[in-house]
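See the structures that follow.
Shared between the two complexes below is subunit A, which pairs with subunit B and subunit C, respectively.
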Partner chain A sequence: MGTILIDGHIIPFKPGDNILQAALEANLEIPHFCYHAALGSLGACRLCAVEITPKDSSKAPRIAMACLEPLEDGLEVSISAIAAQQVRQHVIEFLMINHPHDCPICDEGGECHLQDMTVACGPPYRRYRGRKRTFSNQNLGPLIHHEMNRCITCYRCTRFYQDYALGNDLGAMRLRNEVYFGRFQDGPLENPFAGNLVEICPTGVFTDAIFRQHFARVWDLKTAPSICPHCSVGCNTLPGARDGTLRRVRNRAHPELNRWFICDRGRYGHQYSEHSARPLAPRASGADTSYHDALTAAASQIKSAQDCIGGLGSAREDLEGNAMLQALLNTLGGIYTAFSDPELETATIAAVSSLQNTGNAPSLAEIELIDAALIIGDLTAYAPMIDLALRQAYRKGAKLALLHSSPTPLAQFATTAMTVSPQEMRTTLSRLYQLINAQSATEDMTETPMTDIVASLMGARKLLLIGAIETLTAQEVPILAKLATALGSDTRLAYAFSGANAYGAALLSPAGSAMVMLEAVEAGQIRILIVAGNDPLGDSRFGPRWRAACRNLSALIVLDCILTATAKAADILFPVAAWTERGGTFINYEGRAQGFAPVFHRPEYLPSVAEVITDLGQYLGHSLQAAPSVLGDIFSDFEIPKPGTTGSLIIAPSLPMPTTPPVHSAQESCSSMWQAALTSWYGDEALASFAPGLMVLIPETVAMIEPTSAIDAGIKNGSQIKLRGSSGSMVLPVQLNQGVATGTIAIARNVLAQLGVGHGDLLELEQVL
Partner chain B sequence: MNKKQTNDYTLALIKGLGHSLWAVLRHAFVKRETVSYPDIKRSLPLRWRGRIVLTRDPDGEERCVACYLCSAVCPVDCIHLQAHQNNDGRRYPETFSIDFSRCIFCGFCEEACPTLAIQLTPDFEMCERHHESLVYEKNQLLIDGQGKHPDYNFYRHAGVAIPGKAIGEAKGDTSPVDRDNNLP
Partner chain C sequence: MSWPTSIAKGITDMNNILKGLQKDLLHLPRTHPKRRATAIPAMQALQAELGYLDDAAIKKITQITGLSTAEVEELATFYSLIYRRPTGRHIVRICDSVCCSMRGADQLLTAAEEYIRTSLGTVTPDGALTVLPGICLGLCDKAPAALVDGEALGPLNDASLKALLQRLQKED
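And now, the complex of A and B:
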């Protein structure tokens, strides 16, 4: 720690920093392009020229690049020196020589770094009268628009894409003043973090192709601090809206979570709120109606059903909506849960309980610093930003061990990747626990991957155990927690939940209530079901049972902002506000409560779930307390977190580890039976699957099978097979894939739903000739 | 000394008064400069700041590229537009409205326009019975000509490709670099 002198200001610096970092930290602006806090210095753009006055007064001052100049105590630097200004002006003039005359039609205009720097340093007019170099563009898919003429060769894109996000399909080509940044061939960028190119590019080479379709300038956008609703990480975002429509979402830095980047699901998934089939008017008995009439109809149905009522909240609805629904159900004497899948409910509650016992999950910034990790399941699909944090850990040398049943992008970075079929996951984890407890790594060659995993875990100082809850069962979650305890106090435990508020939903849902509710609906004990932001009818494993059970209902009341299978089947439908149209609170995977603010309002009246429930309570003659006081009663001293702050860990009464028996009875396995495994991709999420831009990228629907088990069964790559589940059958082409476990068929969520099976259930396979 | 000064001043005053009276008398007999509007309409200079129009380029396409600079610069916020991207690469305003009951005809929009699309014309006769009818939509604003700036076509200078002009065919461009080849 020392100080330097920049233009007469005394600036402190940290050891290892350069002049640019110290100046930016002190809010002194040195013009720059290629330096980025996440990517470091490169010295490619030559813009951050400063003048350094040597200590020896007989020597002349020299010009240096601020981003490359190491700091020493007492260094005298001038940003405003004439010589430095001249260098910067010449650099800008040179960069602008080939820059096209595009600003009016460039989406970057208004937030363009090159525009700012040209105004700040450059000559006001162009002197160059020669011809400009041009590049043809590439089609980079539906999310990113490419306009290569605007490039200034700062290398930020490839440094982010290749070095930071570890993608391999974007690079630099050619040489001299003709360096080209693109793909080898046209085609969508494959990396799930490619959307960050839009923000990281200092000019308009990479722009947001979704925003472009309905473009508005940055100064016209209404913004407010928000939280991403698409997974349990809770990245901070800044949505922008105009004229009553949501236009785009950008990253908003959070010091411990997403600092500079968000994933493509967060950036492009928001278009679900602009989906053409989004319900915008209340509907009762098949016809659009007014909000008042819908409430009256709902209230009269509830009154006539008397006490036979259930309330299904949601892990993707905010804490307020879930708490209000629970409060209403408590008043009416009904059952409440936030999960439609009993298996998922038990697993989530078990995970929250084990997090409460073992200490909270690490933040993304902490995950980046780990030495070794044991990953269970496909994190890229359930928590893409944890995947990105693990990629940073990998870059720093962390050893990643992976247990998965279906293909996952993290496998390419794993030191040991082991495919385990869903039903064997529990025995595998138990075996790992035994091996770790035995303390001596057995040199048994038959257990090579297992002993490798044990060795990498035991040899690490900072360890992370992380699992994707959706593909774990309630029996596997406690084993993971036991593993964490066995591995020592420095071991951190984390779970990627399904749903932005899954942690909060687990705190509110009593264990086992989803099964109780489903059985009560089946038995006709529940006559009215209020579903807030959930889709029981579209569920993959329990969907068939819910669909059959819901025929017993006298009324299905649905509150949602997307047209799910349940919303389509609703007797009374209340369209509610999407997350940018209301405020609320999400609790992320760490247990951090974060508030989001309303960004804009639509012309239609769209209340939040909490508001509809409050109004419904009034129509029923019960005046419910306001959401903050309801939450204050549940969580002592809970204060609704202010949007735009870093959020705070929720203090909740500790949940007991659920002891409910396995929900689905173990099916008899026979030779013709295969296990189904859920294969997912980064755009696969309840809300984001209504975003048209992302939906173009859905992977082809295939049945993925491991090559050796396919050969044993006589199945060829590309041949057609017929899969039969409990509620249907489907013919799919086969794709052989090494990332699938033996005896397992990896299929997408919509196929699982159609077959009526869940992850780990058995399937019948028949070859179609 | 003092007295002489006073005398000179009075003399100048009388002289000036005489001149003025003579001028008034003379003008009673010269040709009138005022005309009786609206029976007679004067032709106004081209740079007069009146009713705003959107013009077309020499190819007959809309000049406006919906860059939002006019609406940003407008001091009374009377311009509202929404950009739309054509499949062929051209950008144009999907909607464009100017509230002339708010417009102060300052001409900032014309100055800001990078494509010479928005132009103020010498027409000022815009009386309407209702406030709403002073909100002009795009079909009322868009004219079929080039206005007072003929021969300028923004897309002939811009780097983007449009039908009939591929990348590298703009004025002053070289043909695109072959990215698959490292030869100079």
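And now, the complex of A and C:
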């Protein structure tokens, strides 16, 4: 630690920093383009020129690039020196030679770094009168618009895309003044973090193609601090709305979570709230009605059913909505849970319980610093930003070990990637635990990948064990926790949950209540089911049972902002506000409670779930407490976190590890050798699946099989097979894929739902000739 | 394509080595440095066979090297002696860097374009010629200089350029 003098101000610096970093830290703006906090210095743009006064007064001052100049104590720097200003002016003039004067029609206008820098340091007029260099643009898919003529070759895009996000389909082509940033051929960018190019490009080369479809000038956008509702990471976002519609979502830096970047699901999934099929008017008995009439109808149904009522909250519903629903059910004497899938419920509760016992999950910033990780399942699909954090750890040399049943993008960076069928996952994890407890890796050659994994885990200092909850069972979760304990106190444990508020939902849901509720509906003991933001009828494994059971109901009351299978089947439907249209609290995978604020309001009256439940309580003659005091009763000292702050870890009573026996689907009759595995992708999420732009990129629906097991069964790549599950069958083309476990067929969520099977259930396979 | 004998032999050797290497390389992991290192020799060898690298050739390089198509394209388009568009049987690269430009390279380029009646970088209809501007050949003492099928020539003037182009057009 020393100090330097910048234009007379004494600025402290950290060892290893350069002039630019020290100045930016001290809120002194040195104009720059190619430097980025996440990507470091490059020295490509030459804009951050400063003047350095030598210690030897007989020598003349010199110009240096602030981003490349190491610091030494007592260094005297001037940003405002005439010579430095002139250099910067010349650099801008050069950069502007080929840059089109299209600011009035450019999407970047108003938040363009080049525009700001040109106004701040460039010459006021253009001297160059020659022809400008022009390029052809590429079609980069539905999410990103390409306008190469605006490029100033700062290389931020390829540095982010190739070096940071580890993508390999965007490159810097050609040379000299013809450098071109693009793909080999037209086509969508494949990286799940490609949308960040929109923010990282200092000018308008890469702009948001979805925002462009319904564009507004950025200074006209209404914004408020929000939290991404598309996964359990809880990235901070800044949505922008105008004229009662949501236009775009941008990153809002959180020092420990998403610092500069968000994933494409978070950036483009917001289109769900603009979907043409979104319910906007309350519906009762198949017709649109008023809010008052819908509440009256719901109240009279509930009164007539007396005590036979169940309430199904959701892991994607905020803490307030879930807590109010629980409070209403407590008043009415009914059952509440936030999970429609009993297995997911036990697994999530087991995970939260083990996190409470072993210390909280690490933040993204902490994950970037680990030096080994054991990853179970496809993290890219359940928590894309944890994948990005692990890519940073990998870049710094961390060893990643991976156990997966279906293909996952992280496999390409793993030191050891082992495919394990869903039903063998438990024995594999137990074996790992045994090996680690034995304190020495056996030399048994048949266990090579396992011993490699043990060696890499035991050799690490900062270790992370992380699993995707949706593809883990309640028995596997505690084994992972035991592994973490066995590996020592520096080992961190984390789970990628399904649903932005899954952690909070688990804190509210009594273990086993999902099964109790499903059986009660099946037995006719529950006559009224209130579903808030959940989709039991669309569930893959339990969907068929829920669909059959719901025929026993006298009324299905649904509160949601998307038209799910359950919302379609609702007798009474309350459309509610989307997450950008209301305030609330989500608890992320770490247990961090974060608040979000309403960004805008639509012309239609769209209350939040908590508001609908409060109103419904009033119509029933029960005056429920307000959400903050309900939450205060459950969690002592709980205060609703203020939107825009970094949030704090929730203090909750510790959950007992659920002892509920595993739910086995009745499959004894199935003689097949094939197991189903869920294959997912970064856009696969309940809300994001209503985002048309993202859904253009949905992978082809195929049945993925591991090549050797396919050959053994006489199945060829591209041939057609018929898969049969408990509730249906489907003919699919075969795709041979090394990333699938032996004896496993990896299929997408919608196929699982149609077949009525879950991850790890058996499937019957028949070849179609 | 008529390469000067030494270059042609070099390319044949390279081709043979590459064919030998290719077998070994494919057993190595995709990210092995040995595989990536073969990218440029592999491109040169393929270009010697095909005259230029079409998209299929780029894909072939990706199979050999384990690089992505974008990464191969980055390399292929960076090096000016790797051609991504069809070329004639003979390639004339007229240097347009400082010394040559001062000594009339720009006029030579215009004259060549007029003579072959097709724009720079394209192939004459008979498939004989491609004329391109080139970067400094280090032959400033012979400015304006040109690289003709791998052989350096200079100084050129209007008459000698026309004679050269005429001769090349008649050659196979």
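The definition used in the following text is that the second predicted complex is superposed on the first by the 760 of 769 C-alpha atoms of A that agree within 3 Å, B and C clash if a C-alpha of one lies under 4 Å from a C-alpha of the other, contacts with A are read in each partner's own complex, and residues count from 1 in each chain.
As a convention for this text, a residue touches a chain if its C-beta (ideal position, glycine included) is under 8 Å from a C-beta of that chain, and two chains touch if they have at least 3 such contacts.
Note that the coordinates shown come from a computational prediction; the quantities given were computed from them, not determined experimentally.
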Partner with the higher number of touched subunit A residues, subunit C or subunit B: B
First, second, both or neither for A:E147, with subunit B first and subunit C second: first
First (subunit B), second (subunit C), both or neither touched by A:F215: first
Contacts of A:R174 with subunit B and subunit C, given as first, second, both or neither: both
Touched partner set for A:D712, first subunit B, second subunit C, both or neither: neither
Touching partner for A:R183 - first (subunit B), second (subunit C), both, neither: second
First (subunit B), second (subunit C), both or neither touched by A:E72: neither
Contact residues of subunit A, present in both the subunit B and the subunit C interface: 173-175, 180
Touch list for subunit C against partner subunit A, complex: 55, 58, 67-74, 77-78, 80
Interfacial residue positions of subunit B with respect to subunit A in the complex: 65-69, 71-72, 82-83, 85, 91, 114-115, 154, 157-161, 167-168, 170, 172-177, 179-182, 184
Parts of subunit A lying in touch with subunit C, wherever the complex brings them together: 168-175, 180, 183-185
Residue ranges of subunit A in contact with subunit B within the complex: 100-105, 109-110, 130-137, 147, 149-150, 173-176, 178, 180, 182, 212-217, 219-220, 243
